[in-house]
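Sharing a structure with you now.
Every chain is named by a letter (A, B, C and D) in the order it is written, and numbering of its residues begins at 1.
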Amino acid sequence: MIQNSNQMISARISSFLKDLLGDSSGIMAIVGFAILTIFILMAIFAPLIAPYNPIQPSGNPLTPPNLHHLMGTDNMGYDVFSRFIYGSRMALIIAFIATLIAAGVGIPLGLIVGYFGGPLDRVITMIMDSVYTFPGLILAIAIAAVLGPGIINISLSIAVVYIPTYYRVIRSQVASVKNELYVESAYSIGAKTSTIIFKYILPNVLPSIIVVLSMNIADAIMTEAGLSFLGLGITPPTPDWGYDLANGQQFIISNDWWMAFFPGVAIILIVLGFSMFAEGLNEYFNPNIGEKR
Amino acid sequence: MAVLSIKNLFIEYQTKSGTVKAVEDVSFDVEENESLGIVGESGCGKSTLGTAILRLLPQNAKITGKILLDGVNLLELDNESMRKIRGKDIAMIFQDPMTSLNPIMRVRDHFFELFKVHNPDMKKNEMIKIASEALESVGVDSKRLDNYPFEFSGGMRQRVMIALSIALKPKVLIADEPTTALDVVVQEQIMQVLKNLMKTKNMSIILITHDMGIVAEMAERVAVMYAGNLVELGEIHELYNNPLHPYTRMLLESIPNIKLDDMDLKFIPGSPPDLKNPPKGCKYYPRCPFAKDICKEKDPKTKKIGNRIVKCWLYGDENE
Amino acid sequence: MRMNEETFLKVEHLRKEFDLKVSWIKAIFKGKKKTVKAVDDVSFEIKRGETLGIVGESGSGKTTLGRTVIRLIEPTSGKIIMDNTDLTKLKGDVLRKARRDFSIIFQDPMASLNPYMRIGKIVSHPLEIHNIGTKQERKEKILSLFEKFNLTPPEEFYNRFPKYLSGGQRQRVVIARALITNPKFIVADEPTAMLDVSVRSQILKLMIQVKEEFKLTYLFITHDLAGAKYICDRIGVMYLGRIIEIAKKEDIFKEPLHPYTKILMSAIPIPDPNTKREKLMPKGEIPSATNIPKGCRFHTRCPFAKDICKEQEPELRDIGGRLVACHLV
Amino acid sequence: MKTYILTRIGLSIPMILIILTIVFFVLRVLPGNPVLAMLGPKAPPSVVKAMEHQMGLDKPILVQYFDYLKDIAHGNFGQSTVTGMPVLKELMQKFPATLELTIFAMIVAVFIGIFYGTLAAYKLGSPLDVSARIYSIFVYSFPVFWFGLMLQLIFGVWLHWLPVSGESSPFMTPDPTHTGLYVVDAIINGQWDVLKDSLEHLILPSLTLGIVISSIFVRMVRANVVLTLSQQFITAARARGVKEKTVLFRHALKNALPPILTIMGLQFALLLGGAVLTEVTFSWPGIGSYLVSRIHARDFTAIQGTIVFFAIFVAIISILVDVINAWINPRVRY
């Protein structure tokens, strides 16, 4: 019996891997995951990896990339590579906090409203839709302008913008799953409302929650960079990609491109990681794929 | 003389998980003015066969063999010549009338498009005249030319589809499960429309369906398909009165008949084979109560018995 | 409430009206609310151990009727008396717990199974909900049921997910789930409509077999009259929300009385090319349930309609032991 | 159709109201006090009081709220605390530049999106399709300001082909002004040298914004056309001998358009957010640059006014999108 279940687990893992590697979406998820792992490790072990202190001059200002400074130095003489590595901390921390807040509000709200429906649904949905159609970055700018700088404040400004994203996805998913025959079957066998929500509806919307989460982190990183670029983010000299990019902007004209180039590459890579991961998961989790009729 | 002649047709789909042999070595003729029924369970290849005649299969399908229309092999035509045959010489109607018309085009524009494609010089008056006649002949008021598809019920849409497909007087009409999505009463109405057409217009109909009842009422000859193979073909009365292939027999016995009293319901045990990995030998043997040793080993050849065709080891010599 | 001893289920004047969904802005502009009378004053009885078939075209309200009878849909008015209990009076937890005594089988077996639950869990869930048996007992019960339903090897099916089953196997799982609490009554809503021809009769046979074993009473909803003939004892014909004829199966098939029943009968294709029949055709198309014709609701399509049919709605009348709602019979 | 448009306008009123309300409460009720933020934390209380009185901030919050709504309804967006000018007037001056940028960016994005997306869907699984998928996922991850800087570096600094900032060279503005859109005005006036100069300035910013947004368009056009192509009426049209080009554009694309347009309308919000960043990157004198400069000047009346302005702009766009949709799709019209 035990051996049997072991076999099943190993068989399941191998079939999972086969599914995952069998097509391009699986490969995409894995590449995305690899990029993310590198950045997360970079953020955690920044002091061990970075060659210099990111907020102390370590060479002549405006040195182009060379063997000592892989990505050159900025106008203060800070090592761009070290700031590249430390910058992942700000990006990830703010994105995670913002996503946590947005998901923490949006998901339960969408679940409850989607399940019970009614007039409450109409009111909340209209509010959420209004916020959703409004340019997110501009709303975040306004909130950030009032709240002022700081990790929590910036995270909050970003979170407000993304609450409707979660709400809309979850609500519409719940509203459609609610009408599935298997939910009706659950009623017909006498299941409690809580059982129906947690055992029948939640597992069926969970995949899309995971996909939206990882897509949302990508967007949050992008928004954070935008806010910092506009001078509304983290106060210098804390290493932050958006700020460093803005700082490097003035030196583009004089062809000192590396100051702006590398932080941008960092943003692209980490956003790419999250969106590839999300895209791959999306295709993999879609329960209709592999369905034989 | 046969209008349409299918010879040794093979169709394979290349998928990620393997090759699906959807149709295997199928040959039959469609005579002038006849109605030929093709029956079988879902996944037996009957719809693939119908779509293949018009060469409308997806890219991953590989067709070999011959499809002869008046002696011309359609599989050797270039795309442009093939396109000109579709809708003009061979027309097709589909299972789901709700989705077979373009939702944002008026009925009129469906007709106009069809006429323009095959006869760019046609005048507007003439187009309206032919379209109106076609609609009236299937029982739709010609005033409804200006309507959008969503303003019609399912049955009416199927009539419009039929009108569209016969407007240019094709030689062959392929009807792929034309009534499956409809209610019985509407189904009966559509079948009457098709029967009228068969009487009045000069054309052959290939009726693809899973419903043995519809075939019995509509077709003159029947081809039975199983797992991509044509297992039996014959005149309708002969085939129903005396089915040769065990599958045909089981299929007929598993169908409820309201006219018979207290018939015992039978069913075919098991399920059709996976066409990616079909059994060796006869595809039907795992479900066949008459299976012999040779059935497991060798695929039977298609044999002619009188004017019937059957593909089974119960008939003919095992050593040939 | 006193009931005939034999009567198991008695439905009286059941109605279900749906409000048509209109966006609130449109409601302001257009004013009136439209309602769909899906079930419009339906009464019938089912005897213990009997199978009552309800046939009709799509839009006839038969599916709504089936769901309303077991309170998956709230009736607008009417009574549903099952085993001397009025189901319409039950509420909340009482209703929820009563559900172990009746269940439903849906048309689409794949959609009826939670894709993220294993088959074993799906079937044992009703037992868990109603606290029946220990974990071990539940599993044993399920495995033996699987064995009986030809879902073999049972242990393997127990751990599978629904997507790896064939259509017929899924429907057998659905039936197993419906039966696991030993209910007395089952509503079957077109249980064979989505299945392949060769599997249909298999499921029908299984349903007949378990009916004897579990001493069940069926309400069998279908558009397939030929299939209904094999499983039903009596058949009711629905048209636009109302039962227009209800009689023993033999009577209905031998001599349908209502013009609509006649039309329905003659529309069924017969798998026998030797049979030639006179075909009876209705006029026009089925009217919308938002706008049910005055008088007899079938008069707009009836080939025999007279003036009285346009004015007066016929009631179900007893004609030689069967009930028909038609002025002309 | 008329009722539909009226209905749709009616529907957007509560939407705008909700955004106005959110903006109001974000700016007034959140812990940050705008006056303190404006004057700095060390300002003497008497000065703060006087300022609050001047701005009407000492009234009860609900009174302030209704005053604010009333003012907006009358087209009064308040006076800038920095320049003393009416905010609406300042916004109207800056608006044409933003409109010009967004229109051209939208043209770039729609053009790439429709063609690349449709062809990728048609050749599903081909190298072209794979390239479209890679394009959409890769370009989507470009921060718009970084991409702008790189285009500046390549086409301005390295190649010297195009100017890297501003809306025009000195003394190269069209005169007289008709619409405020430089390109349009130059054409109306027949000032071809001005037109050339304006276009040169417009190319990099609108390409930057347009290409970044096009990533989403490509992906969604592809997805929708794939969906439509799989429908039965497409096979039915082919079965009638309809030409492939007609099948693709008249049947598939046109049917896929309503959802595409709807999402494009929603993405317009993203476009505006990107426009703010693009304007700052290219020193483009539009509303985005205005907003950012006023934030640094702590001019809260102007910030509030700008956001209200954006809200109304977004609402108008979404009405437009829905009307176009109704025009294409007979089912919406009734």
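The definition used in the following text is that a contact is a pair of C-beta atoms (placed from the backbone, for glycine too) under 8 Å apart; a residue touches a chain by one contact, two chains touch by 3 or more.
The shown structure was predicted, so the numbers you read here are calculated from the model rather than taken from an experiment.
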Determine the chain that sits nearest the middle of the structure, using the mean of its CA atoms as its centre. A
Hey, which pair has more contacts between C-betas, A-D or A-C? A-D
Chain whose Cα centroid lies at the greatest distance from that of chain C: D
Express in whole angstrom the distance between the two chain centres, defined as the mean CA positions of chain A and chain D. 24
Taking each chain's centre as the mean of its CA atoms, chain A sits from chain C at a distance in Å of 48
Which whole number of Å gives the spacing of the CA centres of chain A and chain B? 51
Inter-centroid spacing, chain D versus chain C (mean Cα positions, whole Å): 54
Contacts from chain A onto chain C in the complex sit at residues 8, 122, 180-182, 184-192, 195, 199-200, 203-204, 287, 290-293
Mind listing the chain D positions that touch chain B in their complex? 125, 231-233, 235-244, 246, 251, 254-255, 328-331
Chain C residues within the chain A interface of the complex: 24, 70, 72, 96-100, 103-104, 106, 108, 110-117, 125-126, 129-130, 159, 163, 167, 174, 177, 181
Chain A residues touching chain D in their complex are 126-127, 129-139, 141-143, 145-148, 218, 222, 225-226, 229-232, 242, 245-246, 248-249, 252-253, 255, 257, 260-261, 263-264, 267-269, 271-272, 275-276, 279
Name, in rising order, each residue of chain B that touches chain C in their complex. 41-42, 153, 155-156, 183-189, 191-192, 210-217, 236-237, 240-241, 250-252, 254-259, 265-269, 271
